[in-house]
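See the structures that follow.
Note that chain A is present in both complexes that follow, paired respectively with chain B and with chain C.
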Partner chain A sequence: MTLIKIDQQSWAAGIDKVKADYRVFGPVKEKNDHEFKLLEQDQMPDFNCQNTRLSPKSIIYPQSQVMFTYNLDENAEDCRIMKEVENVTSPMAIIGVRPCDALSFPIVRRNFDTPEYQDTYWIKAYEATTFIGLACNSACGTCFCTSAGTGPFGEEGLDVLIIADGDDLYAKSITEKGNAFIQAAGWSVKADTSLDIKVDKMKTAAESSICSSVSTDQLKDKTTLELYDAPFWEQEAFSCINCGTCTYVCPTCWCFDVQDETHGKSGIRMRNWDSCMYPLFTYHASGHNPRDVKYQRVRQRFMHKLKYYVDKYDKGIQCVGCGRCIRLCPVNIDIRKICNKMNSFDAATSVCDTPSS
Partner chain B sequence: MTQYTDKIKEIANRVLTEGKVEMVIGFRKGSVPMMNQPHLATCAKSVDELVWDSSCGLNLANYITDKKGSIGVIAKGCDSRNIVTHIIENKIKRDQLYIIGVPCNGMIDHHKINAMFDTEVQNVEDSGDSITISGSGFSETMSKQELLAENCAVCTHRNPVEYDELVGDLVEEQKDVDQYASVTKVESLSADDKFNYFEDLLSPCIRCYACRNACPLCYCPTCFVDESTPQWVGKSQDPTDVKTFHLLRAYHCAGRCTDCGACERVCPMGIKIREFTKKLNKDCQDLYGWEAGLSLDERPPLDSFRTDDPDEFIK
Partner chain C sequence: MQNPYLPYPVRIDEIITETEDKSLKTFKFVFLNPEDEEKFAYESGQFGELSIPGLGEIPIGIASSPMEKGFIKFTVFKTGKVTSYLHAMKEGDIMGVRGPLGNPFPWKTLEGKNIVIIGGGFAFTTLRSSIYSILDPANRSKFKDIHVVYGARSPGMLLYKDELQAWADRDDINMNITVDGTDDPDWKYLTGFVPTITEQKAPPGNDDTYAIVCGPPIMIKFTQPVLDNLGYSHDNIIMSLENRMKCGIGICGRCNIGKDLVCKDGPVFTLSQLNEMPKEY
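What follows is the complex of A and B.
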């Protein structure tokens, strides 16, 4: 492991420098909380936050995104022809991505970049982006990344991992993209190899600060229909108000709805994030709704993340343990509790042995 | 607070055992600080999970809408006013309900408390008049009055208005509070400044609809934003569509809103949504001398006609 050591001055100079080559995003304080924003000139990413309220998902996959334009003027040559909007993305860098959020990108990629289908909008934005992670030195009470496929120093999905040690920063390049970014920033001071031991210790300490977890080892072996018919869904869904908070704050929720908006004789075809919590999500043109009542929608969200995804890809759960849905759910539906219930569910006895989260 | 919890459990057990109700709707302790969870108790085991403290701010009237059967429901002042509103709007029958009234001293504001500290709030201890907030490397005890949700700080109906049984003695109502200070401030702005104020207020909205869904008044079978033939409102993050949703929703609550604050409490982005409903509450007060949900015998001003209704707008 070769670490690059960056002091505060060269950090600021480097960020300033890379803005010539990249559109740089980072966490900044907005009203009461931190959000990822495009950094303006002289604006620095603010690392003084445990994590942003919303994940950086929207930088690659905006909540509303125009895909096509059209013209309804019968006299025009291009009448009723869907024209793809310009879809060229200049290089972007997202600085300060926490390892949990970083893991969400390879997870979401399994949906948007498949052998059969390539979502050009998502892929182009993703490929143009360099992900600069920020290791977590301490965890929130709702963090459970270590049982969701990553950890506070996790590297999957990142091009560079930054480790903050007081005023000093250490950068570890993980990919070629990462090398290019570090070079563009002009950071070149190799850290003493003795630092590796210190960083290992920081990593161990950070991992031990994660105090909650989920059990996922049994999920794959459960019979889908037995879980689907489990008696706990109605009870667990009682408090749910079917808002879209959990799905919108989730870094791994990828569902969208396509809408046409016509103004006069021209229009746009766009996609907007959608949520399986909404009745409209599954409302058929016939008037039938296969997920008519709320417990069915709650069940869908958890079954998708913790069972269907697990079965389809065999790459763990579709959750990175960031804890946002737990912190922001207005009625305290806790994915840790539901996951553990699913993992320990025994249809034969219908007994749920739920360790408290 | 433990007296309230004990009494709630005692009543819930009794009404369930006597067969007065089939279920009791209350709160259980949440898995994160200040986030108690609405809870359905149907047996002794689930009754034992019921709690009461200063984090029971959601409005439980939202959980009785169109429910069948006999229901016990825990109700603080605002919940009881929304239950009254439900009854006069025919969403539930009075004789289906056993209302367990909770004289309330206000609920704390989790948005405000979380924003007060740079590091995560890990524990919140409720000792009645004081609240101790702690996390890694800090612990602070503050008076509850300073930490109240804004609607609770200006509440003048802390006691339930309709109940079958109370869990404790009635509390003294707050007097001499300026309920509409925030509205008066916005009213004094110029049209442009008002526009900018609301634009800024709503800019963080992610259209999750938590405000609508936590509101006991928002029970339309299909909300206007969800209708597709015709589609009244766009679905994107277009600021006009976002504003349309919030403004129309607020108007739909005119003369019905009890200022329970559920909309604001549940907003994941911490938007002060009451800025809209509060103005309409003030108008109802000024024009009709009306506060929602205080009586089962009086029709709301917007679904009744009186010869002395204000009519200055007719020229």
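What follows is the complex of A and C.
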């Protein structure tokens, strides 16, 4: 491990410098929370936050994204012919990505970048981006990254990991993209190898500050239909108001809707984040709805993340342990509790006569 | 990298009103760019997304057969926003088509086998494509006996009436056309619900016989026990599902049933597969 040591002055100079080559995003204080924003000239990423309210998902995958334009003017030659929007993405760097959020990108990539179809919008943005992570020295009460495939110093999905130690920053390059970024920033002071031991200690301390976890080892061996028919879904979903907050704040939720919007004789075809919490999500034109009852939609969300994804890719759960859905759920539904229930569910001994109310 | 959401521009070449209540029309599309027709190489059982700028897209089974060249056909039931608009469009209008999407019926598996095709109502479109393909002189010898049971509420609600009649007159396909009821004294085919006619006319099930079943849920519900009684294994019963879709390519996450997406992993599934999946369709 070769760490680059960056003092506050060269950090500021480096960030300033890379703005010539990259569009640089970082956490910025917005009202009571931090959000990822495109950093303006002289603006620095603010590391003084546990994590941003929303993950940097929308930088790669905007909440609303124009896909095509069209013209409805009957006299025009291109009337009713869809035109691709300019979709060339210049290099971007996202600075201050927490390891949990970083892991969400490889998780989501399995959906957008498949052998058969490539989602050009997502892939172009992803490939143009360098992910600069920020290790967590301490955890919130809702963090469970260490049992969700990463950890406070996790590197998966990152090109560079930055470790903050008081006023000093240490950068660890993980990929070629990361090397290029560090070079562009002009950071070149190699840290003394004795620092490795210190960083290891910081990592161990950070990991031990994570006080909650999920068990996922049994999920793959469960039968889909047995979990699907488990008696606890109605009870777990009882307080849910189907607000969809959990899906919007989730770094790994990727579902979208496609809508056309016409203004006069021209218009756009756009995609918008959508949510499996909403009845319209699956509502057929015939009036039939395969998930017309609330608990079916709650079940869908958890089964997708913790069973269907696990079975489909064999790469763990579709959850990074960031805890946002737990913190922001207005009725305190907790994915950790549900995951542990699913993982320990024994169809043979379970009583399935749940009240139907 | 090709943008999988970009529709091919097509011109509506012909519109045929199929049923007496005018709720079903067949649209024949010609690609504006001939090379797009080659890219749209499909097999019977697949579907396409019909794309109308300003309205949206709808997934519809391909009713034409790959043996028919120069155009593609879709039979569309008028029901929602896009289909209602489409029904009001005119020959010569320009719109878009994406595809082919989803998996076809398992034609390699079906080679050398008897096939019984069971359809009801307007779920006969990809079955029409299949029958047309099977009966093509280049293909007919690849299959053994072909039985068809196709039913609609009344004679006026049957799709593709001229073709049905022509097929009924052939000796290399066993056509059983039925209606729920009719007071037409000239009706020369069968009367009765699809499950009942299937019970009377379908060959018994064995390893060499496959059933392809497409129809409304009520028909499927009552046809399944009939096929069970006839001895069809659930591996030999092939069905095609529908769910609400947007992207059609397995990315938008809308049409899943368990871990499978109807658009990409389906829409064709065997009954054995469906038995292991949640009933979310």
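Brief remarks follow.
The criterion applied here is as follows: the second predicted complex is superposed on the first by the 350 of 357 C-alpha atoms of A that agree within 3 Å, B and C clash if a C-alpha of one lies under 4 Å from a C-alpha of the other, contacts with A are read in each partner's own complex, and residues count from 1 in each chain.
Throughout what follows, a residue touches a chain if its C-beta (ideal position, glycine included) is under 8 Å from a C-beta of that chain, and two chains touch if they have at least 3 such contacts.
Keep in mind that what you see is a predicted model, and the values were worked out from it rather than measured.
Of the two partner chains placed around the shared chain by superposition, chain C is the only one that A:Tyr308 touches, whereas chain B remains out of contact. Once the two complexes are overlaid on the shared chain, A:Ile123 sits against chain C while remaining clear of chain B. In the superposition on chain A, A:Gln259 makes contact with both chain B and chain C. By the touch criterion stated above, A:Met82 is placed in contact with chain C alone, chain B being left untouched. By the touch criterion stated above, A:Tyr278 is placed in contact with chain B alone, chain C being left untouched.
Once the two complexes are overlaid on the shared chain, A:Thr142 sits against chain B while remaining clear of chain C. In the superposition on chain A, A:Gln8 makes contact with neither chain B nor chain C. By the touch criterion defined above, A:Leu72 lies against chain C but remains apart from chain B after alignment on the C-alpha atoms of chain A. Shared interface residues of chain A (contacting chain B in one complex, chain C in the other): 257, 259. Residues 30-33, 48, 50, 53-54, 63-64, 138, 140-142, 235, 238-239, 241-245, 248-249, 257, 259, 261, 270, 272, 275, 278-280, 326-334, 336-337, 357 of chain A are the ones that touch chain B when the two sit in their complex. Those residues of chain C that touch chain A in the complex are listed here as 1-7, 9, 32, 51-58, 79-80, 83, 93-96, 242-244, 246-247, 249-259, 264, 276-281. Within the complex formed with chain A, the residues of chain B that make contact are 30-32, 35-40, 58, 62-63, 111, 114-115, 118-120, 122, 136, 204, 206-210, 212-214, 226, 228, 234-238, 265-270.
Residues 67-68, 70, 72, 79-82, 84, 87, 111-112, 114, 116-120, 123-124, 224-225, 228, 254-260, 262, 267, 269, 271, 274, 276, 281-286, 290-291, 296, 300, 303-304, 307-309, 311-312 of chain A are the ones touching chain C in the complex.
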